[in-house]
Amino acid sequence: MRTGVNDRSDLPIALVIGGGGMGMSTARRLGQSHRIILASLTADKNPKREELLREDGIDATVTQCDITDPESVADLGRFVAERGQLRTLAHVAALSPATGDWRTVLTANLIGVTHIERMCLGLATQGTAAIFVSSLAAHRSDPPSDEIISVLDDPLAPDFFERLEALVPEQESVLAYRLSKFSVNRMCRRRASEWGARGARIVSMSPGLIATPMGAREFSGQSGELKRELLRSTPLQREGTMVETADAIEFLASERASFITGTDLLVDGGTLAAVR
Amino acid sequence: MRTGVNDRSDLPIALVIGGGGMGMSTARRLGQSHRIILASLTADKNPKREELLREDGIDATVTQCDITDPESVADLGRFVAERGQLRTLAHVAALSPATGDWRTVLTANLIGVTHIERMCLGLATQGTAAIFVSSLAAHRSDPPSDEIISVLDDPLAPDFFERLEALVPEQESVLAYRLSKFSVNRMCRRRASEWGARGARIVSMSPGLIATPMGAREFSGQSGELKRELLRSTPLQREGTMVETADAIEFLASERASFITGTDLLVDGGTLAAVR
Amino acid sequence: MRTGVNDRSDLPIALVIGGGGMGMSTARRLGQSHRIILASLTADKNPKREELLREDGIDATVTQCDITDPESVADLGRFVAERGQLRTLAHVAALSPATGDWRTVLTANLIGVTHIERMCLGLATQGTAAIFVSSLAAHRSDPPSDEIISVLDDPLAPDFFERLEALVPEQESVLAYRLSKFSVNRMCRRRASEWGARGARIVSMSPGLIATPMGAREFSGQSGELKRELLRSTPLQREGTMVETADAIEFLASERASFITGTDLLVDGGTLAAVR
Amino acid sequence: MRTGVNDRSDLPIALVIGGGGMGMSTARRLGQSHRIILASLTADKNPKREELLREDGIDATVTQCDITDPESVADLGRFVAERGQLRTLAHVAALSPATGDWRTVLTANLIGVTHIERMCLGLATQGTAAIFVSSLAAHRSDPPSDEIISVLDDPLAPDFFERLEALVPEQESVLAYRLSKFSVNRMCRRRASEWGARGARIVSMSPGLIATPMGAREFSGQSGELKRELLRSTPLQREGTMVETADAIEFLASERASFITGTDLLVDGGTLAAVR
């Protein structure tokens, strides 16, 4: 018998995509009821992430994955399947408008998300739940034109960027972010029947202003005044915390949400209601 | 010391409006963490309701209220205030299209709801949460015109029906139901800032096809074929249960939803996603 | 597709033994996360019990079982096995000292319990949890002599009563109750290794003074003054409720108690601590 | 409005005593539903602890306290009282037999615990819960003599060590550990009435073999073979995890345990049942 480890082969698997602050807080929360497999692009930090989760009593394995690379995603699928039954997917990884340009943001936040969704559907069985962390940004503007939507609905098409860029002249990262998040929420609605056929669920969760280190930097950046105005308008008069996003993810993943699929849960302190 | 009772003066108060099946199942669920005050129109059945809740170990008081009567709602407010701090409101009471005509449905489902919302806002303090049970019907059609919406936004206006009926020629109960549920969800968004100013939250929860005695009858009634078709389209391939609506209400009422306000949670097994 | 039912084939099975007040409140609680099979001796009331549970949105089947009859218990085991995997056993059924004599109480509360434990061990797999509702009475007196204990440890022996009665001259129902509850707690400790070998858990839960209809009657009966004195001594200065016993059973059955086995949880408001 | 912080003035306070692995995992768990004040002796590490908790979205303040110093404990009490209402105490700090001698272990694990219990009783109101982490060691041997117990019951007496050492010739740290843990569980029973008079609860939680870094070292140390044998005897055939001790603490602190006081919850995978 091995000692000093947190071996929980009695628990089902949760796959968490994303090694940043919200990825770690999600892994800690789901680690209360799952064995965790955390996938993150930045392989050099993964041993430290695994150590931190294990120090907290969690049965955690952290592995490298580039979600924009189909081969890497397929490898991750095999890695999960070898270890047991996937109960929960929490996709947290995303580029913010500040950390990537138009194509990079769409590649990570839409194409990468789609690769993960397809792979995990293949692992889904009765009771599996997939939660995709989206954003208030998915809701804030009017929806794009039907023409644009029909392109966004097929992000794995070989000519995806060509067709999209023919329709969208201003190829800026803020817009890429909005379109990608709009599309993630839409994907969760459109794919609910496929997941349902396996007894599985797929939902998005859209956080508003959340107190994260990345979020804090944005208050002082270019979009600082806009964010401060949003915060002043927020009915609950504060930012949310990563405890509260984890609360929502945990609920959506749990059997308490067993009739919730194909929809979005907005966790924004009322911001959208106040500014829409 | 009194014995054989379930005295839980240590618990905060949940007010549940509605004594039907979902009202009782909601009272049972919230009764795990609250003292219950259940308000129902049908006074003759209230002693039996109180007995059933008490048999389950719940500190429950069942009282009469006609939510369409401002005096009766004011009395209910005093009744609650005398007993302690309101932590949770769960408004469940509603007329289905089959149980009322155009004006009756709007009076119960929109004017009555508004009276309750106003009264409970007066009792709300830090941590209070109000959950209004709405319906998938709130989402199924295109929204009404801006003109109609502006009338629906002020259901307590003395000329409410006159103005509404001037805009809506077909005054049928199915439409009354849809408009009332659309308006309840909208009310929860529009009132989030008022509730937030007190540190309180207000949300709607929209159930889809739920297995209730009332629901079962509708499968054989006029709208039976429509409901059967909706059920066949539902990604989870089944009706939901009142356990699952109680799960959603309990979550929205809990501190785990502390950053969720001014929005709607759809609990429909994916029906809307599949048919929209 | 059937409608108007609460079909939850997605959920694991909880078997609840006992159709009285605490059995029903336990079934309602576990019915939030399980399909319920409730077994009760009084077959004529079972259709009503099933109806009440189904009205609350629970997937419930109520069946007859005489736990003192090995054949009836074996039938129950087959009934459960045909329907799916047993996740949880909650054994609630018990005779109070007022409702049976020496042999009747021991037959129900010890021999019957042992039949159920043996049968359910045969159905247990990784993650199964068995909770036996015991009583404060298990803790209140000094333990019996080693000789008596060794007889109590084998209640299925053909000469059980002969050997026990040779050692215990005063064969009264109050003593039968205490000995049976002492033995149930002891059984949960002694059988933990057998259950553990299957990855399963077995625990007892000992309620103190709980507000039940049966309990209320006892305040006015023979033992009324004793009970009143116990209540006055209770640190929390009140009786517990069946919500609180359900809370304890739900916790012990859940994965949140995954390292708790072979022990007892006392839910008595501190009574034992104050009077021991 | 401050940004980038996790200000949760809407939440009640949990005081966690102990900054080691289990203290941090307890703070993370209770931080899901409380503002955290963590008190630890090793002040130099406190800023890092606060940073780690805040990175996880928790409203956490980490402060220095020497629980063996009555003045320091009184300061901590004032620090808590200034910040709000104490809902939960989780006392985790303890010296293991390997990290202190006879007097040091008793001073930390019994005298220090008593100072904290007295101070927190002064802050307790309706709904406050105190959880003291004890140990399987509290249960493993026969209880000490009545004479020794009467000395242990008054650890703040000026001649405590003189009286105790007159009765206990072998003054070894392993024995000090056992006596201190025995006394902590006993304290929770004996003090239940005082806490109950304020509507508050006090319980101990006794973990068995838990996978911690400290625990892992002990498998290779002097007591390694004994621990390995205990583990082989454990019904669940594994060590527990700090997730599972946090599960137990969270439950005991919650309103779901509202009728549990003056008792101990053993979280040991059945070890005690198997070896007693």
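Per-chain numbering from 1; labels A, B, C and D assigned in written order.
Please note the rule applied: contacts are C-beta pairs under 8 Å (C-beta built on N, C-alpha and C of every residue); 3 or more make two chains touch, one makes a residue touch a chain.
Everything numeric here is computed off the predicted structure, so don't read it as measured data.
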Any chain that touches subunit B and subunit A: C, D
Interchain centroid distance [CA atoms averaged], subunit C/subunit D, Å: 31
Distance between chain centroids, defined by C-alpha means - subunit A, subunit C (Å): 44
Rounded Å distance, subunit B centre to subunit C centre (Cα mean): 37
Where subunit C touches two or more other chains, by residue: 199, 237, 241, 244, 247, 258
Chain-level touch network, classified as line, ring, star, complete or other: complete
Sites on subunit D touched by subunit C in the complex: 188-190, 192-193, 195-197, 199, 201, 208, 234-237, 240-241, 244, 247-248, 250-251, 256-263, 265-270, 272-274, 276
Residue ranges of subunit B in contact with subunit D within the complex: 10-11, 33, 126-127, 199, 255, 258
Residue ranges of subunit C touching subunit B (in the complex, touch as defined): 1, 3-8, 21, 24-25, 28-29, 31-32, 55-59, 211-213, 215-216, 219, 227-228, 231-232, 237-239, 241-247
